[in-house]
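Note that chain A is present in both complexes that follow, paired respectively with chain B and with chain C.
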Partner chain A sequence: MSRRRWPEVTAGTAALRAVAERGGLAIALVFYVLVVAVLAALWRAAVDSNGGEVAGYTVVAITWYAAMAEAVTVSLNQRMIREIGDDIGSGAVAVELLRPAPVLGVRVAGALGRTLPRLAACCAAGAVLGLVTAGVPERPAALALAVPSAVLAVACNIVAQHAFAGVAFWWRDAGSAWFLYQKLVFIVGGMLIPLEALPGWLEATARLLPFRAMAYAPARLAAGHVEPVLLLEQVAWLALLALAAGAVFRAGERRLQVVGG
Partner chain B sequence: MAIEVRHLTKVFETGRRRAVRRVEAVSDLSLTVYPGERLAYIGPNGAGKSTSIKILTGILHPTSGEARVLGLVPWLERRRLAARIGTLFGQRSLLWFELTPRQSYRMLAAIYGLDRAQEHARVADLADLLEAGDLFDLPVRNLSLGQRMRCELAACMLHEPDILFLDEPTIGLDLLAKQRFRELLVRLNAERRTTIFLTSHDVADIEHVAQRAVVINHGAVIYDSEVAAMRRTLLSTKLVEVGLSEPAPLPSTAGVTVLEHTETAVKLSVDTAVRSIRSVLDELLDGLPVSDISVLDPPLEQVIAAIYARPRA
Partner chain C sequence: MRGLLATLRNAVAEARANRAAFASQVTIMVVNDIVWVLFWTLFFRRVGTVRGWDGDRILLLLAVITCGAGIALGVLANARRVGNMAVDGQLDGVLALPVPPLAHLLLRRVEPVNVGDFLFGVVLFAVVGSPTLGRAGVFVYVVACAATIVTSFLVLTGSLAFFAGRNEGGELGFHAMLLLGSYPVDIFAGAAKVVLYTVVPAAFVSTVPARLLEDFDLAGAAWLGAVAGAFAAAAWATFTLGLRRYTSGSVWTRA
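On to the complex of A and B.
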């Protein structure tokens, strides 16, 4: 037996799957370009009518913000949270207990591997779109921080989706919980609107929640803000979310072993 | 001992508070399986087969009783046990459809802690054993079900398990693919001494793969015997279905029971302890205007009914 190599092999195999699904990758990319183009145009109109700035974001900054916020969202499997819940509800997860590796770990590694090729493609398309429609960000060095931040953002999102979907171990009809999760990422995660543009009380609330690690952090960095503390916050949230997901899956697996799938 | 089970019981509770209903899925089950045995574990739907397999593989806790699989208590040492058993559960694939089997094996090998050299050696070995090397580099979605099942078998054998749990592995396969799969299981057992624990609804799986059959119903063992003995007593019946091109009277045949006789079809039950199938077929082909003929095994439900009908010792 050798050193543990399932995390990188699982992620690598899943990445191969994502690349093999060329049709899905192409559709995600087309959808991404369309959404970013529309959002950038809307923000440009808003910024222009507001004297050249909205909540401290110029046209260039908000275009790069929208490009990155969408990239970290579109690159994820949009049905993932439902699929995890369905696998738990149908008992398919029980079969995964028959492997000598943690169910959650294998699933997260697989989801991460599947997401990263899409993320790379969306980020590349977003960069071209940003350069063509808005120009170079005000502080290009911030982009160097945005890249690892984007990877951390999708990792946080994937782990959090597993923690949320884990309610299916106890509650079969968990569809409303998943619906709520996605809306939280959209609004208080900063995917649609930068947190600074939210009403004061909502911004204060959003800053206390983990969702901002999933979109706002890399988007703000891509917008040209050199704020390395955002990366540290993402690492902290990733650790907390991993602990929460681990606890949910351990308790859920115990329940599955007692009451059956 | 490969598997040792003593007085195993599993009770499920459904409903809430005052309306709780208790369902005993496994009831005082005791069973011993020896290393290298090929065991058929059979029973009708709802008999408790799947529940007991889930307990033996560690994914379900029993309500009471004891079990050891390869010396391990499955529900307490699940991951250690998982490294030593292989499982193939009906339609749940171990392979990824977008990938080739070889790519899936790479991931499974990593999960089972094999290094690259071990992975390559075992995949090559299984390609020879299962005569499936030409399939390993095709996308799984392009394989026929029979081809895929050979690749699935390789997937669950990759880590060289001591016991193979197979739950309805031949379901959906055509006749030739079924026969080939059964031969592979027997060969695997002969060459590797892998214990085979097989559940199936197909009586032919039991006859051609297993040395011993254990029948359970209502969660308890109702029959435990060598398949050779079972063949003499419970599996001695074959069904013959004959299509007729024109109405015709039946030749009188000893050891044959007529189940149905219409203008276009005849259905017979043949007791092979009394008459050989060959002699019955010869007689039917000579004496009737046959347009179609097939020989079938009796359904499992009929075998189980025969078990209940036996005189008790």
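On to the complex of A and C.
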């Protein structure tokens, strides 16, 4: 691999592998449709029971919100933090230090490559589901912003998962970090519930945290809200998270202890 | 029967061998379930009542599904792995033993993380279920039925791998059952509702038991028991027929 071309080569190879694993892709897609159908049905029932609107979301808006929030989450490897932690804890990551490319960079590029084909498939299925069950969003132009926002969301998520998994350099296991992280994305990330529907204090807290860049931002845009500032926030969070993950991996690699051989 | 009890004792002892890991895994699942309580509390605080369901009713449903799934995935942990074992040819060990293969397989492995689900469900029922002797009896009955249906459904969909040679159906069945069972069936309408009472019987592992807990009637309880019996019979028949098509993978260690 050329020294300068490792990001695209790594991401491209991973993407080709993800596309080739048709069984896994099909399962992820069916699971995605199932999750969206359930969550959208729940929120639609709630909106119907509340005079046609909950926290500013109509039936159409909440359906698109659920479709996008799930697309950016389901398309990711759900056990990524745990797997990174296992590689670090077992010392397997030491082999990667021999490559003429940064460990973190190669891992992030590979994860992004694996995720993007799934994201594209989930977004396409979500769009069909949204159009068939709810209709066109109130401001379709917002969908143009939702597409780059979805890519930024999975990028933020992947980089943040690496930052969290880095605790394994010290604790030798990232199981608890994985668990905590997942729950934060569920609630304060807006995956299960729009931030506007949270109690005031929790909404205010969620707006200060990076997790909203991973689900809420693209979902809010897909729901028909033209708020380009969300994209800028995601870019800022991505930069901050990349700095944090880089710092964690640099410090961790310095103290890496390899067990066995 | 003694052989099966010994198998279960061994599985429990194996799971508890590392007590610290056992405790931490149980705790992780309990905290996971608390997040769902938080979600439902936030949801109903915002939207009030949805098609007859409110915060208290949904927590009863959560208590039933966590207990039922906790038994199916925790105590009978291999139920989820039947499909993979069939495809990979990992059943040689169990076929050589003088015990019923399916029963032995189901009791062979205990998964501590899902035992946490079961414990959480019991505590949740004690807290929100206004337990009396009668209600506790109904709770035990509906949880037993729910656990039977979840286990049977997992074995049934997993056993299809004997015929298909792949286990995507089993994996999908597992996710579909747990996902759909975690929500009240009344949020769905039309064909989707029919599916939840038939193809993926998620309604019988959460909504129907929760209704019986709130408003017990003998006919409903008998109907739930009959559904559990029918799924158990179907699972056993599919697994037994599937064994005829089983091909060894010369793997003796995991079954």
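Assume the second predicted complex is superposed on the first by the 252 of 261 C-alpha atoms of A that agree within 3 Å, B and C clash if a C-alpha of one lies under 4 Å from a C-alpha of the other, contacts with A are read in each partner's own complex, and residues count from 1 in each chain.
Rule of thumb we're sticking to: a residue touches a chain if its C-beta (ideal position, glycine included) is under 8 Å from a C-beta of that chain, and two chains touch if they have at least 3 such contacts.
These figures come from a predicted structure and were not determined experimentally.
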* Who does A:Pro100 touch here: chain B (first), chain C (second), both, or neither? -> first
* Asked: Just chain B (first), just chain C (second), both, or neither: which does A:Ala20 touch?
  -> first
* Considering only the touch criterion stated at the top, classify A:Leu232 as touching first (chain B), second (chain C), both, or neither. => neither
* Asked: Where does A:Ile193 make contact in the superposed view: on chain B (first), on chain C (second), on both, or on neither?
  -> second
* Asked: Touching A:Ala204, do we find chain B (first), chain C (second), both, or neither?
  -> neither
* Asked: A:Lys183 contacts which: chain B (first), chain C (second), both, neither?
  -> second
* Tell me which partner A:Leu42 touches in the superposition: chain B (first), chain C (second), both or neither. => second
* To do: Considering only the touch criterion stated at the top, classify A:Ala144 as touching first (chain B), second (chain C), both, or neither.
  => neither
* Asked: Which residues of chain A touch chain B in the complex?
  -> 1-2, 4-6, 8-10, 13, 16-17, 20-21, 92, 94-95, 97-101, 106, 256-261
* Asked: Which of the residues in chain B end up touching chain A in this complex?
  -> 12-13, 51, 54, 57-61, 75, 78-80, 82-83, 85, 87, 89, 92, 96, 98-99, 103-104, 106-107, 109-115, 118, 139
* Asked: Within the complex, which stretch of chain A touches chain C?
  -> 23, 26-27, 30-31, 34-35, 37-38, 41-42, 44-46, 49-50, 54-55, 175-176, 179, 183, 186-187, 192-193, 197-199, 202
* Structure fact -> So, in the complex, the side of chain C touching chain A is made of residues 24, 28, 31-32, 35, 38-39, 42-43, 45-51, 166, 168, 171-172, 175-176, 179-180, 183, 186-188, 192
